[in-house]
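Both complexes below contain subunit A, partnered by subunit B and then by subunit C.
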Partner chain A sequence: MDLNDAVIDHLRQVAALPDLTGTRYELESEIGRGGMGVVYAARDRQLDRRVALKVLDSALAGEAQLIAHLEHPAIVPIYETGVLPDGRAFYAMKLVAGARLDQHLAGAPSLGERLRVLRRVGEALAFAHARGVIHRDIKPQNVMVGEFGEVYLMDWGVEAVAGTPAFRAPDDRLSQLSDVYGLGALLRFMLPASAPPALRAIADKAMRADPAVRYPDAPRLLADIERFQEGLAVEAWSEPLWHRLRRFASRNAVLLWLLAAYAGVKFLLFFLRNL
Partner chain B sequence: MGGPRGQFPSTQLSLLEAASSGDTLPNEALERVSALYWKPVYRFIRVKFRKSNEDAKDLTQTFFAAALQRDLFARFDPAKASFRTYLRMAVERFAANQHAARNRQKRGGNLEFEPVEEWAATAESPEQAFEREWQRQLFALALGDLRAHCEGSGKQLQFEIFEAYDLSSGDRPSYAALAARHGVAETSVTNYLAWARRMLRELVTERLRGVTAGERDLRDEIRRLWT
Partner chain C sequence: MNKILAGLLFGLILGAIDGATAWFYPETHSMIGGILVGSSIKGMLVGLLSGWFAHKVQSTKWGIALGATLGLLFAFLVVLMQHEHYLAIMMPGFVTGAIIGFLTQRTGAPSLAAKREA
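Showing the complex of A and B:
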């Protein structure tokens, strides 16, 4: 037989497709590749709905078991796990219609929207951490923003996934603090060029090389973002005096306007009395 | 062949498992390695050092013989690289030394490169040539396993349909045409193809298992191959 390059490419393509014989699913198309496997759009014939089907590279089923235990609005629900006739493990999950975070950011959303998305991701992380699960591979490509603004943190890691260089903590041993680093890297990635220094400082603090001086957990990072949004001083940044005054003025604008009006009226009365 | 004719090839031991039985790799493991790697090594030497067909064959032969004597396989450390990368680098060092030694012997440095024109048209690097040949050889071996399995288990029809469709280097016949040619239902063609592809995937995995250093190395190779 003539095994030319075209034949080999064809074989690689057809033999890599998941064999769904005997399952309730019908393959539609490939929609992405993540750590340890490929994700396909498929149709669930029994329930007549579209699902996302992640087929893992080997028989590792730990990833599905891991996520199946995490029920959270920002974590994609798992419908079913199983093993294909070819021995590969798979799991079916909700098919999220929307855009990956990097695509979502291309639409230049407001700073408020960016922080909303980041907070949803951080909440999912905090939830998983509380259950002893770490993500290991936080990056824009693993965050989906749905059509109605829902946010999902996808592709929960298994042992073999070591993260993506630009978002990976330089830690010897991956832990929840490595995820805090990843969340900081995600924040830095999401900030526009005009972002306030307090937000940059939050990202920097989360991304310290020494895990001991990062935020101790995701909720502490989120609390600092919340402080920023409420116009309070953030833990990560010792701001200069002029900045503190400006923030004070911005938070107490109404009071300052009233004081100014009062002073103006007093001055006017004083002026009129002396005419 | 990985197993008795007509049966599914037996599960192959990984290189590390094979090596753990003694100081050097047993013959069976070495045969697996040379069955898969002989052609990629030959191709790599030919492209990298611009050797003639005969010289490249000699060097490849010498490399595998020397590898046995020097316990090259025993010195492989899976923590540093995949076995495939390790072997390619070993070939590169070995062939470079041989190449230099031969050129030293020829007084006046009469280099034995082939005319440059032959290689100028080749856009791929020696490493790419090695990878491509490795892939081709891996599929050739797994297809051989599949054919033997089909012949031994009375599934020649399945193989014929698979061969006519998936191994065709020209226009592929339609499922309907294949069904009519072999007197089976079109759904049978679909099922036979799905079965053969699944078997091929399993056989490729088995071939890889025999030349990788354990589950992690195997998983990485599988991932690289199918993505």
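Showing the complex of A and C:
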């Protein structure tokens, strides 16, 4: 057989695939690449189920240990960690069937659905922060929306990851406030062009260059989104009077209609009497 | 606040306001005190029953419907006593009842069973 370019490319690809000899996994296909490694779809021969297998570029398995400590519905559970014959560390985790957030948004979901997804991401972050873990790389590509609406925040950062430029806080030292910035950037990315100014103000407040004037933590940002969804004033925006009146009218529409009906009835009776 | 208490309070206030609008009709000036008291009691009865319903069932739609029906019923009972001003008493009574029914649904704490059903 001649060694033409196609054959060489194929050999290169095969050589790059991880050698899973000695593990219980059978490689299927590559499903993504991150800063610290490659994620493959694989089959667990022992339990006869599909899993996601992340093969790290180094022998460090800190990422797996980090995630293994975070048991939360919006954080993908780790099944097992191990070391490949070539010395690289790997870990197996639940294979999420669904779409990445950027792909999910291409289907033009409603504002309510967008905020639901963001709140799930924020809850996962708040949970991790409470355990002293920061994500470091919040971006749409690291959020998965499953077939049944479940939301997962993936690719929990390790020291070497410093985030993706558009979503990275301009902080000298990464902290929970950097994740708050990332969450704000994610919110801004998720908002449609017609988004209400209150939501834009929430994203802006979370993305302030000075960490001291951002939301102090993820729960405070989520609380502001909840206030918006309940038709209340948000912390991030001092709304003009006309907007406050409009919000009041929309929150109390039924009562205003009933009062208008009462006034209409009284006026009609008064008018009929004086005919 | 308790829903039944809230109903009594809203019924008293709205009933009194509804009764006070009779002032716009000069022929009622001599009996405005009686109208105010009667209208307040009517409002409180609607509020009491609407509040009790709101405590049991958490539904704005059904709260408004029940309040309006009770308002109409009590206004009809008032009209039966004097056989005149049917529209002038029953129509505002209907709408006032609806407002009381709405307000009792929106304020106060419902029963645990009502919360579970909602």
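The rule is simple: the second predicted complex is superposed on the first by the 262 of 275 C-alpha atoms of A that agree within 3 Å, B and C clash if a C-alpha of one lies under 4 Å from a C-alpha of the other, contacts with A are read in each partner's own complex, and residues count from 1 in each chain.
The rule is simple: a contact is a pair of C-beta atoms (placed from the backbone, for glycine too) under 8 Å apart; a residue touches a chain by one contact, two chains touch by 3 or more.
Note that the structure is predicted; figures quoted are calculated from it, not measured.
In the superposed model, A:270 makes contact with subunit C only, not with subunit B.
When both complexes are overlaid on chain A, the residue A:46 reaches neither subunit B nor subunit C. Once chain A of one complex is fitted onto chain A of the other, the partner contacts of A:254 are limited to subunit C, with no touch recorded for subunit B. When the two complexes are overlaid on their common chain A, residue A:29 makes contact with neither subunit B nor subunit C. Legend: residue contacts after superposition of the two complexes on their common chain; A:262 is shown touching subunit C, with no touch to subunit B.
More residues of subunit A lie in touch with B than with the remaining chain of the pair subunit B and subunit C. In the complex of the two chains, the subunit A residues touching subunit B come out as 1-8, 10-12, 14-17, 19, 21, 33, 36, 38, 57-58, 85-87, 160.
Within the complex formed with subunit A, the subunit B residues making contact are 132, 135-136, 139-140, 143, 163, 166-169, 191, 193-194, 197-198, 200-202, 204, 215-216, 218-219, 222-223, 225-227. For subunit A in complex with subunit C, the residues that touch the partner chain are 254-255, 258-259, 261-262, 265-266, 269-270, 272-273.
Residues of subunit C touching subunit A in their complex: 21, 24-25, 60, 64, 87-88, 91-92, 95-96, 98-99, 102-103, 106.
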